[in-house]
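In what comes next, chain A is part of two complexes: it sits with chain B in the first one and with chain C in the second one.
Moving on, here comes the complex of A and B:
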C-alpha cells in the first residue's frame, strides 16, 4: 500500500508527468469527439500495414511532428542556456533548403524552368551545404547574443525577417522543384526504382529520433548538459567557477541552427520543392510552445529534452486531431489556443498548491463519510 | 464625447448606405454637370454594362517623365501561378512599354497588403493595381486611393466593393472556372458509366479569396445537383505542403472517395504525393485541378490528373493594354474576364508547350 503510494507520488512529481497527461488528454479528445459525432471511437488508434507502408493516425502524427521535434530539441538548448528564444528557425529552414537546392541544381535554374532534373553536385554535398548554412546562421545568432550581448529575441529577429527574404533571393522568388526521386526520400519513404516503399515508415521519423538520441547522449554523457544548465541559471557565477558562459551560449545557437537546417531538409524533401515563402512558416512559435508544454521554464536553467519532444508531439497531435474532426485549417489557431491555455494552466506550479488547499478544505467531509459508511 | 462621435459616425454610415441602395440614376446627373463628386460613394450600375459608375479617375503621367508609374500590390509568391503572374507584370511594365513598376509583395497577409497600398499612395504612384489577398475590409483603403486621385485597378481576385471605388476589374471568372470543371466531371462520370456514388474530396484554397469562393461555390452548387457527396472539405491554403498534409489526414480516416477537387495545381501535387505515399495509385481516381502550370498539364498528358480548369496568370500585358486604353480616354468595362477553358486528355499535349510556370 505505502509502496504503491510512494510510487504513485514519484510518478506525479516527475517532470514528465504533466506533459504526458496533456498528450493523453489531446488524444482522448479525439476519441470523445468522434464518439459524439459518429457513435463509434473511429480509427484513431488503428495501425495497419498496407501497400508497403504502416498506416494509422498515430504514425501520421509521429511523421508530421518530425520537423517540430527537431526544432524543439534545438530550441530547448537555446532556452536553457540563454533564457532567450531563437525566433529565426523557420526562416533558417527556408534558407538552408533554398541554398541546398540552388547548389544541387546549380546552373540549371538559369533557363527559368525552376526544375532540377538531375543533381549537378552529389546529393550529400547539397545536404552538407544546408547544414553548413544552418550552422552559419546559428553562429551569427550566437555571436550577437553571446558576444555582443543582444537579447536573443532581438538578435534572432534579424534572421527572422531577413532569412526568408534571402531564401527568396537565392530561389529567385520561385518555387523550385526537384524532379530526382531520391530527393523526396528524407521527408517521405525510401523507395525502389519502381516506386515501392522499401522502408514501411517515413524516413523523417528516423531523422527526428536520431537527433533526439544524439542530443540526449551528448547532454547526458558529457559535462555539456550540466554546463548549459549552470549557465542558464546564473551566467555570472558560472563564469566565476571557470565556465566560459559565452562559448556555451554560442554553441547552443549553432546547434539550434543545425537543427533548423535538418528540419528544413525534411520540409523541402516532403514536397520535393523549395517554397521559400511557406517552408517553416510560424513553426518557430510552435517550437517555443513545445518547449513550454514540455514543462520547461522559458527563463532558462533546468531543462528536459524528453519534455520538449512530448510537447512537440502534443502540438502535432492537436493539429491532426482537429483535421480529423474536420476543423477548417484557418480556424485551427483558435482551437489550438484554447487547448494551449488549458495545458499551460494545468502545468502552472501555482495550480498544485491551490488544488491541495481545495482538497484539504473538503477532507473533513471525506473523513465523516468514512465513519458513517460502515 | 467618444460616444457622440461613434453615434455620429454610425448615422453617417447609415445615411451613406441608404443613398447607395436607392439612387443609381442621380449619379449620372452628377457627372453630367461636369463636376465630379469624388466623395459620393453611391454609384452602383449593373456590372455587365458597367459604362458609368461615377469613377472619373484615369491613368495619367503626372510627374512628366513620359512613363506611367504603376504600383502593383501582389498577394505573395504562394504558388507557381502567382510567380508566373508576377513575372508577367515585371516583364511588361518596363520603360519600352511606357511604364515604371513599383512592386509590393504582401506575403499572403491581408493586413500587410492594406499597408502596402497605403505606402504606394504615399509614394505617389500614378496608378495602383491591386491583387487582393482576401476580399473584405477594402473600402477605406480604396477610398484613400481615390481621394489621393490615384486610379486603381483590381486584378486576379475580385472585390465586393462599390463600383465607384475602382477603375476596372480584370481577371478570371472563378465561378465559371469551377462550373466548367464540375460539368466536365459530370459528363466524364456518365461517359465512363460510373454507377458508384461520387464521393468528392474538396481541397479549398486560401479561405476568403475570390478564387476559393468561386471554385468552392461551383462545387457546393454542383454536388447536390448531381447527387455527389462531399466527404471531406478542408483548406490547403493553395500550397503544396498544406495540400499534402490535409490529404494525408483525410486518408487516415479510411473513408471512400473517387474524386479529388483541388482548387489549384500546387495542392493537387501535394494530394497526389499523399496518395502515392499511402500506396494508392492516383490514376484510379478522378483528379480535377485548377490553373494549368506546365507540370500539371504534363500530368494530364501522363494521365495522373484528369482535368484542369484553366486560369490565365499572364495578366500583365492585358492589364497594360487596359491602362493604355483608359489613358487614351476610351471607356472600359467595369469587369473584363480573361479567356479560359479546360485542359484534359484531348488538348493537354498541345497545351503543355505553351503552359506557364514550371
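Moving on, here comes the complex of A and C:
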C-alpha cells in the first residue's frame, strides 16, 4: 500500500470527513443552481472590500452562522456528557436579551414607549446580566437533570415554554428597541462616532470564534474533554474512578446556558431590539441538528467540537443558498428538510454496508465464489 | 454416531489486525453436550457468533441438519428461526420489562391481533416451572438477582423450540445449587436429542456435564476430544499450548506480619441498612486478604463499602488511620483501587480507547486541570500494556473491541497506574481463561511482596488458597469468621461458608 493511499484512507476515516463533504456539497449546490439558471457560476465565492467592510456570500454565511455556532458548542457538551439535549436554548436567548435590555433601560422603558434612548446602567453591566441569566437558566436545567435525574428533554422543556413567557413578562409584552448605537456593535460592525466601520468584519464572527477557541482550549488543555466523554459513555464506571458525573453534567448545562446567552446578545444586537417571541425561534432544533451533522452521536460520549461547528456552518450555508435561489422564508423549512435528510442518510453508519450488499446483488458472481470455494 | 446437527468447515474470519478464526472445523451431533474451550482470544465467542449470524465470516461452510445447502445466518434472528438459540455470557434481556415480557418479546402470542397477556403469563410460568424456577413473572427482570436473570434467559432460549442450544458462560453467575439445576436441565434436553454447545472456563463443570470437547487456540482448531479419554492435564496444555507447571508453580509466600504497622484499612462495625451486617476487617500492607462466600453472601458489599462505592450506614472506616468522606474520589486519592465485579457495567468505558481507559483513574486523581500530557499518557498506557501483556491492535482501539480478559487487564492497569496502597479485586478472573487467571494471581502475589495490600474476592476457592494469606468468610450478609495458617484448606473454607460449625 502506498503512502498516499494510506493518507487517503486516513482522511476518509477521519471523523470530520463526512461533515466536511456535506458542507462542500451544500456550497457546490449553490454553484450548480446558479450555473443552471444564469449560465455562469455567479458571485458565490467572491470576496471584496467596500465601504470599510469585507463582503461576499461566504462572509455573510460565517456572520449569520455565529449564533448557531455558539449554540452548537454548548449543545455538543450537553449531549456528550448527558446523552440528552437542551431544547431551552432558543428561549434562553430571548430571556437573556430581554433582561439585558430591561436593565439597560431600567425604569425608563414604559416612559419611552419601550425604546431605550440612553443606558441607565453601563452597557457592560447589561451584557454581564445577560450572561448571568444564561448561567442561571443553565444551572436550573443542570439541577433538574444532574441532581433530580429528570430526562434532559423534559427538564429543559420547562424553560423552552416558560423562558419566552418570562421574557415577555420582563419586557411587558412589548418589542423593546435600543437606540444607542453601541448596542448594535456586537451583532454588526464596530463603528466610530461618525458611523464608519472601524473593523471590517462583523463582531459576531469574532465572538463565535472566541467561544469555539476558548472551549477548544479548555477541552484540550484539561482533562474535561475525557471526563465529559467518560461520564457520557458510562456514568457508573466514571463514578468509581472518582469522577463526579453529576457535577460534570451540571456544568455542561451551565456552559450551554452561557452559550445561549451569548447567542442571545448577538441576535438582539443584530436588529437592535428584543422581540421575545422571535429571538432564537426554533434555533434549538438547528443546534441539535448541527451536532448531529457534525458526526456526533446524540446518545452522548465521543464528540468532536469541530464537527459541530462545521455542522452549524453547513446549516447556515443551506439557508443562505436557498435564499439566494429565491426560496421564500415560509417555504424554506421544506427544502431544508430535503437536504437535511440527504445529509443524515449520507452519514448513517448503516449506509456503507447497505451499498455493499446492493453492489453484491448486482454482481452475483462475487457472492457465489465464496460458497463454491472449497 | 448420532446425526450431525451442525457441521462447520474451514471457517475464516478476520478482525482488524487479527485473524480471529483460521480454517476452523467444528461438528456438533444430536444428543450431546459439547464444550468449546480455549483461552481468551482463542476464537470461541467468534465461532459462536459466526454460527449464529452475529458476525459475518469470510470463507468456509456451515451445514445445518434439515437444510440441504450450506447456510449463512445473517442475524441472530435468522439463526433462531433455523433452530439455533443462544444465551450469552452477559444477560442480553431488557431489565425493565417484566420476566414474562422478556420471555415473549418479539414473539408474543396474539389473539385477534392483540397481545394475549393471559397466555403470556400462563406460558411464562410454565416455562420457568420447567427449569425449576418459581418466581413472580410480572415483576421486572431487574428486580431479580443476576442468577435468576440468567435462568430466565436460558428459559427463553430453550422455549424457542431450538435444536441447538448455545450457552456462553452460563454458570459464571450461578451458585452451586443453580448450577446443579442447570446441569440437570441440560442433561434432560440432551436426552431429548438437543445438541448443546457449552462454553465455560470451569474445568470441573466441563468434566461434569460434557460429552465432547473442542479446543481452540489463537483462532485455530487444536482438536476434538471425548471427555472420557482426555485427562485434565492434557486439556489444559491443549488450551494453553504450554506445560501445566506454570500454574502449579504458584505458591503463597508466607509474609511475616509485624503487628505494629498501621493497617491500610481498619473497618469497625461497618454496615449497610438492609445489606451487609456490621463487620470488622483489618488489612495490613503487603497482605492478600480473601473474602469467601456464596453469591449474595455480602462479600461484594464488603468490598464496595470499604471503597465507598456504596456508603455505609454505620461504623467507622479508617484508611491509614484517617477517616474519609464516603466518596469514591476520596478513596482513590487515599490510595484505594477497586476492580468491580461487573466489568461491563462498572468497569470499562466502552467507546474510550485503551489508553484513555488506563489513564482515567490516575487523571481523575490528579484533577481535571492537571492534564497529563499526551506523551505521559502514551508512556503510562504502553508500560501497562507491556507489563500485563494486553492484546490490542493499538492503544487507540476502543476498549469494547477487546476480549473480556484483555478488558479486565485494562481495568487492572487503570488501577495499578494510580499506585494504590490497597487493591480491591472483586471476581477479577471471572470469565477469563486459565492463562490470564494465573497471570492475575501471580501479579497479586508480586504486588503484595512490594507492599501493596490486596482484598481478593473469588468464587473459586482454589484460587483464593493460592493467593490469600487470610480469608474472611461471609455467610448470609454476615462476616462469620476469618481463617489463617493451617485453617486455609478448601474443606475448612467450605465448612465455614456452609455454616454448621460457625467459626467465631
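The working rule: the second predicted complex is superposed on the first by the 351 of 374 C-alpha atoms of A that agree within 3 Å, B and C clash if a C-alpha of one lies under 4 Å from a C-alpha of the other, contacts with A are read in each partner's own complex, and residues count from 1 in each chain.
Here is the rule we use: a contact is a pair of C-beta atoms (placed from the backbone, for glycine too) under 8 Å apart; a residue touches a chain by one contact, two chains touch by 3 or more.
A quick note: this is a predicted structure, and the numbers were derived from the prediction, not measured.
In this overlay on chain A, chain B fits alongside chain C without clashing. By the touch criterion stated above, A:238 is placed in contact with chain C alone, chain B being left untouched. With chain A as the common frame, chain A serves as the apex of an angle whose CA-centre rays point to chain B and chain C; its value is 130 degrees, to a multiple of 10. Contacts of A:223 after superposition: chain C is touched, whereas chain B is not reached. In the superposition on chain A, A:175 makes contact with chain B only, while chain C stays out of contact range.
When the two structures are aligned on the shared chain, A:151 is found in touch with neither chain B nor chain C.
Of the two partner chains placed around the shared chain by superposition, chain C is the only one that A:301 touches, whereas chain B remains out of contact.
Judged by the number of chain A residues each one touches, B leads among chain B and chain C. Of all C-alpha pairs linking chain B and chain C after the chain A fit, the shortest spans 20 Å. Of the residues of chain A, not a single one touches chain B in one of the two structures and chain C in the other. Residues of chain A touching chain B in their complex: 42-43, 46, 50-53, 55-57, 60, 64, 112-115, 168, 173-177, 184, 188-189, 195, 197, 202, 267, 270-273, 275-279, 320, 323-324, 326, 328-330. Only residues 76-80, 83, 86, 107-108, 206-207, 232-237, 239-242, 244-246, 248-254, 266, 269-270, 273, 276-280, 295, 357-358 of chain B touch chain A when the two sit together in their complex.
Here chain A touches chain C in the complex through residues 221-224, 226-227, 229-230, 233-234, 236-244, 301-302, 370-371, 373-374, going by the rule given at the top. Residues 10, 58-59, 61, 70, 307, 309, 328-329, 331-333, 338, 340, 345-352, 356, 360-361, 363-372, 414 of chain C are the ones that touch chain A when the two sit in their complex.
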